[in-house]
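Two complexes come next, and they have one chain in common, chain A, joined by chain B in the first and chain C in the second.
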Partner chain A sequence: MAKKGYSIERKQAKWGLVFTIPCLIFFAVFSFYPIINALFTSLTNRRAISRTSDFVGFENYVYIFTKDNGGFPLSNSIRATLIFTVGTFIPMIIASLIIATFLMQLRKDKYRGFFQLMYYTPAVLSSVVAASIWMIMFDPRGLVNQLSNFVMRTSGVDYNWLVDSTMLQISTMMIYFWKYIGYFVILFITGLASIPNTIYEAATVDGSSRWHTFWKITLPLLKPTTAMVSIMAMLQCLKTFSTQYMLYQGGSSRFPIDVITMNIYFTGIRNGRLGRASAMSIVLFLIMLLFTYIQLRLTRSSEDVEY
Partner chain B sequence: MNKFVGKVSIVEVLIWVLLIAVLLFTVTPIVFMIVASFMDAKQILAMPFSWIPSREYFTTADRTFFTNFQKAIMGNNDNPTFFRNLFNSLVVAITDSFTTIFLASLCGYGLAKFKFKGRNLIFLAIMSTMMIPFEAIMIPLYMVVSGMKMINTYRGLIIPFMVSAFGVFQMRQYLLTFPSEYIDAARVDGLSEPGIYARIVVPNSKPVIATLGILSFRNQWDNLLWPLLVAQSETMKTIPQYITKFSEEKMTDEGAMMACAFLASIPMFILFFTLSRYFLGGAAVYDSRKG
Partner chain C sequence: MIRVRAKILISLFILILLSSCGEKDVSIKLEYWTHEDQVRQQLEERLISEFEQENPGIDVVRVEYESSELLDIIKNAFQAGSGPDLFNLPSEEISTLLGSGFLDEIDIEAIGYESEVDLFSEYISGAFDTVSTEEAVFGLPLECTNWCLYVNTRLLDEAGIDPYSLHTWEDIAEASEHLAVRDNGILKRRGFDFRYPYYLSFFIPMVRQLGGDIISPDGKVAVYNEEAWENALSFMMEWGPYGRNLGSPTYINARNLFNSEEIAMCLSGLYQESRMATQNNAFFTSDDWMVLPFPVFDEAVNEEAAGYYYHYFMVNANSPDDTRKAAWKLAAYFSEHAEEYLDEIGLIMPLQRIFESEALHNKPFAEVFLSDFSRSHQIYHGPNASELQDLIGEAVESVMLSSVQPEKAVQAMKSSIEELFSQ
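For the complex of A and B:
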């Protein structure tokens, strides 16, 4: 009997490995090896054309932090990325939380489902499609100017959505916000739906107003969801590429929206400076790690909520 | 009592107003894309904008109802690549969703239902790759792929996205709750281990499999950065690249640009409106990360 149990365990172990090894090999080749390789390449002067690769120490890091990299310094890219991230993910979290709370107030599931479907629709479009729609709506004679003039009670003013460097940054944020708002609303709805109804019933019995209930009950109980959603939104914003690239290809200037990923692409692929681009990749990786760490620290105290 | 009811209905009205305002915000640009794809540039940029494509633009000698769509497909050259690029996107997105389903379910099953040495280590290793953003490893990945002579090939487009750590995680979480009794019963009945996987585990994981497949499809359909690196010949480009290039060349032909965007979105629209519950559920499964 004991012998049989032993052999079953052996068999189990064998099949467990057989099932998991393919994925492990995949991640070793396409995740671990490249990140180590990036670290290594960032210490060389590797270029795409000559294929030479000499060890140069931290020269690339010194270069990307001190030189202007042909008019597009990394410091500007970090600025552009951080402004975009903060300007997109904070409004997105607040708005999607409010919208999700309001949706939960609807009495009929049918209506809620309809709204969710309609809010989510932009998220199924690809980023380049989203950007191309908005590029036309941001035209000097386009819809957005017409609406802005109507709202601001001005006439024929061009707000330079795609020209002025501040407006261009706001435009990229708006496009991103539009595309992903429905997605984050649904994440919050899932979080809200997991709060047991009995808690609300108890609050109502105790005479708590809706406003009071939201601040004192819903929001604290929703903290884990909020933490998770904001980390996701933030990481996604830090990696943005398609929207900015599309607007640049459409004729907008690169400098204000030259996010880190775009700079990596231009430096590494268009200009063939693989060593410098790798150094930028490592910087991006470290920024994302740092931000995740800060977020986790800020929200840690709320992790132990239990219903 | 009456006063109470009145107060509630004001809140209700406010809620509806806000929800409808958000609805207009999300839907208007999509409606705009669809109607503008039938208009010419003059009508798209007319002030004020009219939401119904005007008849007079179709009836001239050089314009029909589908002029914009013809332009979107033909592009600027005599050798149109629209359908080829669309086909490429479909091949990559479909292949990657199937490989993701297969590899992630296999690995998730192994991690959830088998006890073996190093299991937790393997799980942690796979999870830690979620912290490595693709954007940070694309340059070395590009060097790997070009070293393997996979530039301008389907393999080069497909292989780096064959499975995702998130997919493995999702499958594992799902299968942890799957009753082991079924698996043991199948073993007693003499079913082989691969047989159990194929005939017990996979058929019972349909919802999570559908969600994973759709997520993977959508991610690849939307992917621009990686194809920009590895698909350099016109025939190997994908649809996001086609749209980018088209909008660069046809910047002043807004109607054709919208027709191009609309055509490229049709597969996703079909998928979304037929399988919307998996899309909406797909967003929700992220939440189980927190358990």
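For the complex of A and C:
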């Protein structure tokens, strides 16, 4: 019997490997190779529209950390990226958890489905379209400025949503928040749905209030989902590009929203300095690796959850 | 099993046969990449179809990209070993490609000339400077454009402003103050606004009017005459949202609003007239608009007009021989129809015969453009021109949008430009 079981396991493992191979090939070609290529390019003085390049060691790394890169230093990009990430992903995690919890309270599935669809719709839109819609709304005559005047009880004040450095950063956060919250709501709903009802029933029998149930049952059992969602959201925020790029294309100042990916684009694609841009992308990769490691360490106990 | 396989094979064979039936007998497939322009698209698509009829073996695919992204897309395509066979770029974006090995040397025979001298003699002086090196010429001019001041006289009349009193930038600012429609601090309609982000075309001439320049006359100093730069930037700072709030790069571009009469003045080329005719013919045929010379500062030391620029047709050196020949042939075919470019879309090809033609001189306000042309210089098109424009833009936008002091903006820009040139 034992021999037969072993054989089935081996057979399954073999098929598992067969199904995994395309994915591994995909990752190798589209992820691992570009990372290694970027690492190699970052050690050269390669320029776009140039057929040759020389090995320059760590010159590009020294440059991006010590020079102002034509008025757009990497230090400013790291600042812009971190402010954007912290300002977007923390509110997004909290808000998506709250919305998902409320949606799970809806008794009729069709209402839940409707709201899920509504929240998810912006995620389907391209970032370019999303940014274009919001640029109209952020116009001094647009909805957001009117709403700001209403909330602040002012009249005819231009809050400079696309002009002022601070407001511009908030604008990018708002666009991103609006666009991606639905995606994370869906992930949280999936996590919430996987918590067995029997646990809630037992809590109700024991006289637990909804508030108490949320803090003592829902939240601890949702830890694996929260960990996954927060890592995904953080990585996505660190890689943000199109929102900032579209606002810049719309005439806004680049400096306050010059996130690392945008600096990489301008340095590598616009200015043709591929070696320097690759060095920046390696720095971004290391930042993402570091933050993911920290977050995994912080949420390590989450894997202990069992229903 | 064998029968099933046989059926599949026969079906595939029939499918291949059917799919090949619809194809034209094409030996050269030519890809032409250009910037977006709705009016030019109509003309060129007609010309392309005529060209294809005259040359049955050539199939042309015309692809449009946003003008601000065309160079990046072409560069990356070239880098990846692909790209268009024929494309066009403006003066300030050509230095990036010149000497890269990706540009094909002009094929004199394919464009129907006997020699370079023969070709040059048909064009105005300097028309090939941007696309020439000591060894070769790499492009055929598509257009030569300068900007003047388009004015909506009806809106000016309503505000009690005489358009002929507008000569200086200070006059424009004053008039814009009267023409602006505001709801307290919110600017609902502008009087005039600049053409961001084309700073080489309008801002550098403003700096030159005050005695400054990108490079000193002896070629040794970048950001020559800092005081002139600071004064020009101070004007822009005053213009922006934290100054008199007369305009901003974040608003919808002025030349688009001009056609729908939502702004009183804008800067544009002769081609604006065709766009007006297409988008708002009633306005175009009315007496409610005119064109004035490019303004100068009150204290100008030079009567410099807006910088003029060229667009050039260029060919990918890595395309096959017969495709390159066909590409030059198509570029020449477009040039043969220079009169239609002028008549239908208001683009001036820098051919002697066009500059001397009645058709050009009979265009409304063409004389204003030609007169300004004589007091202007071609925009900077030397090494790193495109990056230089970005750096100048950053300085202008930093004073307008982030209230950076002009002195500080000039110093930051100077150090960036010096670094750029040193590389």
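Simple rule for what comes next: the second predicted complex is superposed on the first by the 273 of 307 C-alpha atoms of A that agree within 3 Å, B and C clash if a C-alpha of one lies under 4 Å from a C-alpha of the other, contacts with A are read in each partner's own complex, and residues count from 1 in each chain.
The rule is short, and it goes like this: a residue touches a chain if its C-beta (ideal position, glycine included) is under 8 Å from a C-beta of that chain, and two chains touch if they have at least 3 such contacts.
Because the structure is a prediction, the values reported are computed rather than measured.
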Touched partner set for A:269, first chain B, second chain C, both or neither: both
Partner chain in contact with A:49 - chain B first, chain C second, else both or neither: second
First (chain B), second (chain C), both or neither touched by A:70: second
First (chain B), second (chain C), both or neither touched by A:169: neither
Chain B versus chain C as contact partner of A:99, first or second or both or neither: first
First, second, both or neither for A:148, with chain B first and chain C second: neither
Contacts of A:15 with chain B and chain C, given as first, second, both or neither: first
Of chain C and chain B, partner touching more chain A residues: B
First, second, both or neither for A:295, with chain B first and chain C second: neither
Partner chain(s) touched by A:250 [first = chain B, second = chain C, both, neither]: both
Residues of chain A contacting chain B in one complex and chain C in the other: 139, 141, 249-251, 269
Residue numbers on chain C that touch chain A, as the complex places them: 68, 72, 75-76, 78-79, 96-97, 100-102, 182-188, 196-197, 241, 245, 248-251, 386-387, 390-391, 394, 397-398, 401-402, 412-413, 415-416, 419-420
Sites on chain A touched by chain C in the complex: 48-51, 67-68, 70-71, 139-141, 145, 155-158, 160, 162-165, 249-256, 266, 269-272
Residue ranges of chain B touching chain A (in the complex, touch as defined): 11-12, 15, 18-19, 22-23, 25-27, 29-30, 32-33, 36, 44-49, 103-104, 106-107, 109-111, 114-117, 119, 122, 125-126, 129, 131-144, 159-160, 162-163, 165, 168, 193, 197, 218, 221-222, 224-225, 228-229, 239-240, 243-245, 247-248, 251, 254, 257-258, 260-261, 264-265, 268-269, 271-272, 276, 279-280, 283-284, 286-287, 289-290
Interface residues, chain A side, partner chain B - complex: 9, 11-20, 22-24, 26-27, 29-35, 37-38, 41, 98-99, 102-103, 105-106, 115-122, 124-130, 132-137, 139, 141-143, 146, 178, 181-183, 186-187, 189-191, 194, 210, 224-225, 228, 232, 235, 238-239, 241-242, 245-246, 249-251, 260-261, 264-265, 268-269, 274, 277-278, 281-282, 284-285, 288-289, 292
